[in-house]
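Structures incoming, each one as structure tokens.
Two complexes come next, and they have one chain in common, chain A, joined by chain B in the first and chain C in the second.
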Partner chain A sequence: MKQGFRQSMAWLHTWVGLLTSWLLLMIFMAGTASYYRQEISRWMRPELTTAPVSQEVAATNAVNYLQANAADAEYWHIQLPDARNPTITMYWFNPAPKDGQADGRASRRARFGEATLDAASGTPIQARQTRGGEFFYRLHFDLHYIPVLWARYIVGFCAMFMLVAIISGVITHKKIFKDFFTFRPRKGQRSWLDFHNVSAVMALPYHLMITYTGIVTLMLMYLPWGIKAAYPGEEDKFYVESLGGLSEPRPASGTSAPMQEVAALMESARRQWNGAEVATLRMDHPNDAAASLALTQRDGKALSIATPTLRLDAVNGQLLERGGQAGGATATRDVLMGLHLAHFADAGLRLLFFVSGLLGCLMVASGCVLWAIKERAKHARSGRVGFGLRLVDALNIGAVAGLPIAFAAYFWANRLLPLDTLERPQAEINLFFAGWGLATLVGLLHPRRQSWAWLLYLGAAMFVLLPVLNALTTRAHLGVSLPAGDWVLAGVDLFALAFGLCLGCCGWRMQRWQPAVSAADKRRRQAAAVDGAPPTQVARDGGVA
Partner chain B sequence: MMLLSLALAFSGFTALCLAMDKHQLEPSGTARAAGGSTRRIGWVGWTLLAAAFAAAVLACGWAVGAVLWLGAMTLGGIVITYGLLPYRPRWIKPLAYALPIAAGVLWLVEVG
Partner chain C sequence: MTRKPAASARVPDVIPAWYQRPWLGVFSRTLASILGGYALAASVNVFLSLALPMQRSQAVLTSMLLAIVACACVPLWAFATRSALRAWVGVLIPTLLFALGGYLLGAWA
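On to the complex of A and B.
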């Protein structure tokens, strides 16, 4: 068996792409939505008000709440509000119970407390319980229902396959420059190949970047052995030394002492930083004589995620430590991670990232549909549809037509589930997976073009009607948000409307589609019409072509 | 400035597209240009893409500007390829002239 380089790359591209495409599509969609996770979180908590408040007031409110509710915690972690997130989010780690229970992982987890406060009033927010956009962010690399460690290995595996698929795809694509602007609609398989190529080539720098940097974000988990060899038994030290973070905080002294006002501590940090803003605070051993406050600067306009950190003595305000200067390797990693997370992107650039992410979704979706179309042509020649093709058709229907339904179901659940539902955030998430699962079930039971069309219509209806549902159930609808110029809330509604219309168009095209008839087929049909025999079965049903 | 970068990327890709033999007839339907003329259009395209890079760097600095430039080319490219070329070919040339001018005027209004 002798094959050319390009043929073997085409084989690699086909199979590597197909095997991971359904999960990759979900990862891509969740990641793309995560560019707007703060905005989605706000939309999903329509009760929140956004009164701008200074960082000092917010931090003082946070500390007052923690003093009242977690004064003896081992540490507090406070995320201050910013332009995109109007709330204070915080968590803390309670001291070990006095009865000396074993320090297992479960009991450690039980010691964490968390709260989300209204920045202006300093009281817990009065909003519905939801994971909001955080769910998509976590889904993107932690999946759901399965242990996080497994999930990250699975996602890393998919990302590695994706990288292989991109590189082999570029090699396979013979006329990458000649076909640069080529998209010929209404030409069956040709159109799907054009569409797949354009979605890949136009955003190729993005696809390469996002896949590669995605692997980099978890590289220390995927390849831990270097660290294990160089820092046997004390891997924490590696993170402090090489990632330029702060060292372990000093231990508690056991005697209590009053702490300085947090606003004063922030002011002295800002003097060190030439006026830069504070993003997060971490107080170790609050109310102890050895209490210390670690501050992280808000990441600004730089690509790198590395932000300066400081640790102050919380009792006398002295500077204890500055975050170390990162070396070249760490600085490179920080830039790569920064590119993946895109915290530096302002509204316009964020939109471009979002568009590129959508192109990634289209690339994956059109790729797995294209596989089924090519395969169908072979099956049509032999006259029957094999099991493999039926399975791929079903999974394609479940992922490509079903995932939009899943996303829409999550938003619908947010508006329709009663506010006192037990474990409401999890109930919303269950409905996300129910939407995906049901669509896949429909695909398995009936892998036909009608399933494609009607599931796409269902997704379209759920997205188009989302602004209507929002208007019926909340006071944060377009009639309020547009006149107020609240582009966060209006943006989610308007995008849902536009996305729903696009899905509707896809469903319509799918329903009205007629198989292209080749000249040979035409002759055969004419001959068949004369003989009175019906045309071949496969050409009539089947998915898409 | 960011809009200017987007518009220049669109016009640059338009020029590069028109410099290709296979796409010459779609936007206007008139006769093919001579070889020398297509090469000139190609150079105009590369120059416009370079100008888009300059605008992106002026808008966001070297690092973020480079990212913006790539994103602008992606957007320009898909608007041409998915939208205008197959469905509204006659809009391409007028837009390629109008968008950078409009974006430039907007920028001048903002600065002045």
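On to the complex of A and C.
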């Protein structure tokens, strides 16, 4: 559509990238934070102790709690503690009410119960109410305040835009290898372009991988047509055949029977697995003669998310079923999903993924800033700032400078909201969006460079002071966590400090920035000085450059 | 944009000028990308689910993995080609062929 293929692709890259960049930045930031969601959850519940207990003790505690509180549930689901999460998290599905109400979606949801237990004592944890890092994980693909289904379509749409932007961006590049080593600072638009290129090219395999695998994680929802065509009228069968899990559990018998000790059942599963650890337990029809226990092995260092599963008879302990051995396409999908979720990553690799994610955030942020800078040069020539540029400036300020404020506000809320606040987790989340919203509002009212600088300073201050706030409000601060070698708690504080300092530097650069003056502009100013006319409005106070 | 998106290079003169406005071309290509892209992905999804010579569950998954790639190629085509009309034709012909193939193999029976 342009003169030449590369020019067309550059145009496509510009617009596809810009239109979804603000939401994509949020998705990227939330996803990057999710690499450390367990650590964030622990930081946000500083009261938790981390006494290590064996899986058997934890599972026995879990079952004792469920027997006392949900003995007649249709099933229990128990997530055992691991190195990164010291609690037992579980949910269960209560039986349908006896008065025979319709089995609608809302009433189904009301039947779920959930609890988080201290692994050692088996009692509900005594910690502040918070969604912790789980909020970022969900925000990453479920957004918030809107129905989950819509959110996932919106996120998928954005991810597809991202994929197209990456491919067209690569095509646009003549010198993709050379750009790797090119950064020309203090040159205005040229520097932003170089920065965008460097952040994109350095982690290009990661960006491509994470975008494609992100779509793969939800592809069963986006593309149900093949399932409908290949499995007419029996779509459930597809999930059993393709996902390689266990088949449906056997139905309840209606007669009750005592179950074996859960520790004994776990021991027999471990014998089947040559000693591998158990990660989750699912008990169907507890206390029924047909009760069965499905166990999932802890995912080790394999790329794939597929972990061995098996089902035992909970009454006599016999092996009922092993998870199916699925085919090549299933294995491919499981590896792609595994790459996205990065459960396999140990500390070093996890850090690499995290840094790559941060580079992705920088790529998106510098991309939308670059658009505004390029556009401004054109507006400067015509002498007035158009509505489109004003809007983009405002949204850029709201997203790039505002999202760090939103993240910081979420952490501050966690420490400052009274512990008895009604709906405390939701209140924390509301403050996240309030931070983002207020920054966008500032951007809309005053889309100028000062807004950039001061909002970046605000974000910087909130992050730098986070360890201080932590020290004032809890006993899990750096003074305690560093001597104890608790790198989870210390890591969150130290990262906040470092990130805040980086934001501060950005704010400082933004404030001191002198727009590069082009040769033509210089001539015009000299001419204006001779004529005694003031320089144009845009040249004086136009946003970033 | 100072460089206005070029209207098609060889639009016959019989088409009224109004239909040759640049923004209409961009709008049309955008629709071809989004709607056509999804339609192509869906038809690839259906056709390969039935046509690939493997276990049907594996064929379905493979078709999804490939349909995503097909979908990503559509905007590249739609904005690279000479005219909006060619963008639509280039998307719809493979979509219809895949859909026809799927139909012959028993989809929507």
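In this section, the second predicted complex is superposed on the first by the 542 of 545 C-alpha atoms of A that agree within 3 Å, B and C clash if a C-alpha of one lies under 4 Å from a C-alpha of the other, contacts with A are read in each partner's own complex, and residues count from 1 in each chain.
Everything that follows uses one rule, which is that a residue touches a chain if its C-beta (ideal position, glycine included) is under 8 Å from a C-beta of that chain, and two chains touch if they have at least 3 such contacts.
Since we're looking at a predicted model, the values are computed, not measured.
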I'd like to know which partner A:Ala427 touches here: chain B for first, chain C for second, both or neither. neither
Quick check for you: in the superposed arrangement, does A:Phe344 touch first (chain B), second (chain C), both or neither? first
A:Ala302 in the overlay: touching chain B, chain C, both, or neither? Say first, second, both or neither. first
For A:Lys378, is the partner it touches chain B (first), chain C (second), both, or none of the two (neither)? second
Tell me the contact category for A:Leu218 with respect to chain B and chain C: first, second, both or neither. neither
Between chain B and chain C, more extensive residue contact with chain A: C
So which positions on chain A get touched by both chain B and chain C? none
Could you pull out which chain B residues touch chain A in their complex? 2, 13, 16-17, 20, 22-23, 60-61, 63-64, 67-68, 70-75, 77-78, 80-82, 85-87
Partner chain C, residues of chain A touching it in the complex: 1-3, 5, 8-9, 11-12, 16, 160, 163-164, 167-168, 171, 212, 215-216, 219-220, 223, 225-227, 229-232, 238, 241-242, 326-330, 332-333, 336, 378
Chain A partner contacts - residues on chain C that touch it in the complex: 2-3, 5-6, 25, 29, 37, 41-42, 45-46, 48-50, 54-65, 67-68, 71-72, 75-76, 79-82, 102, 106-109
The residues of chain A that touch chain B in their complex are 178, 180-185, 195, 198-199, 202-203, 205-206, 301-303, 339, 344-345, 348-349, 352-353, 355-356, 359
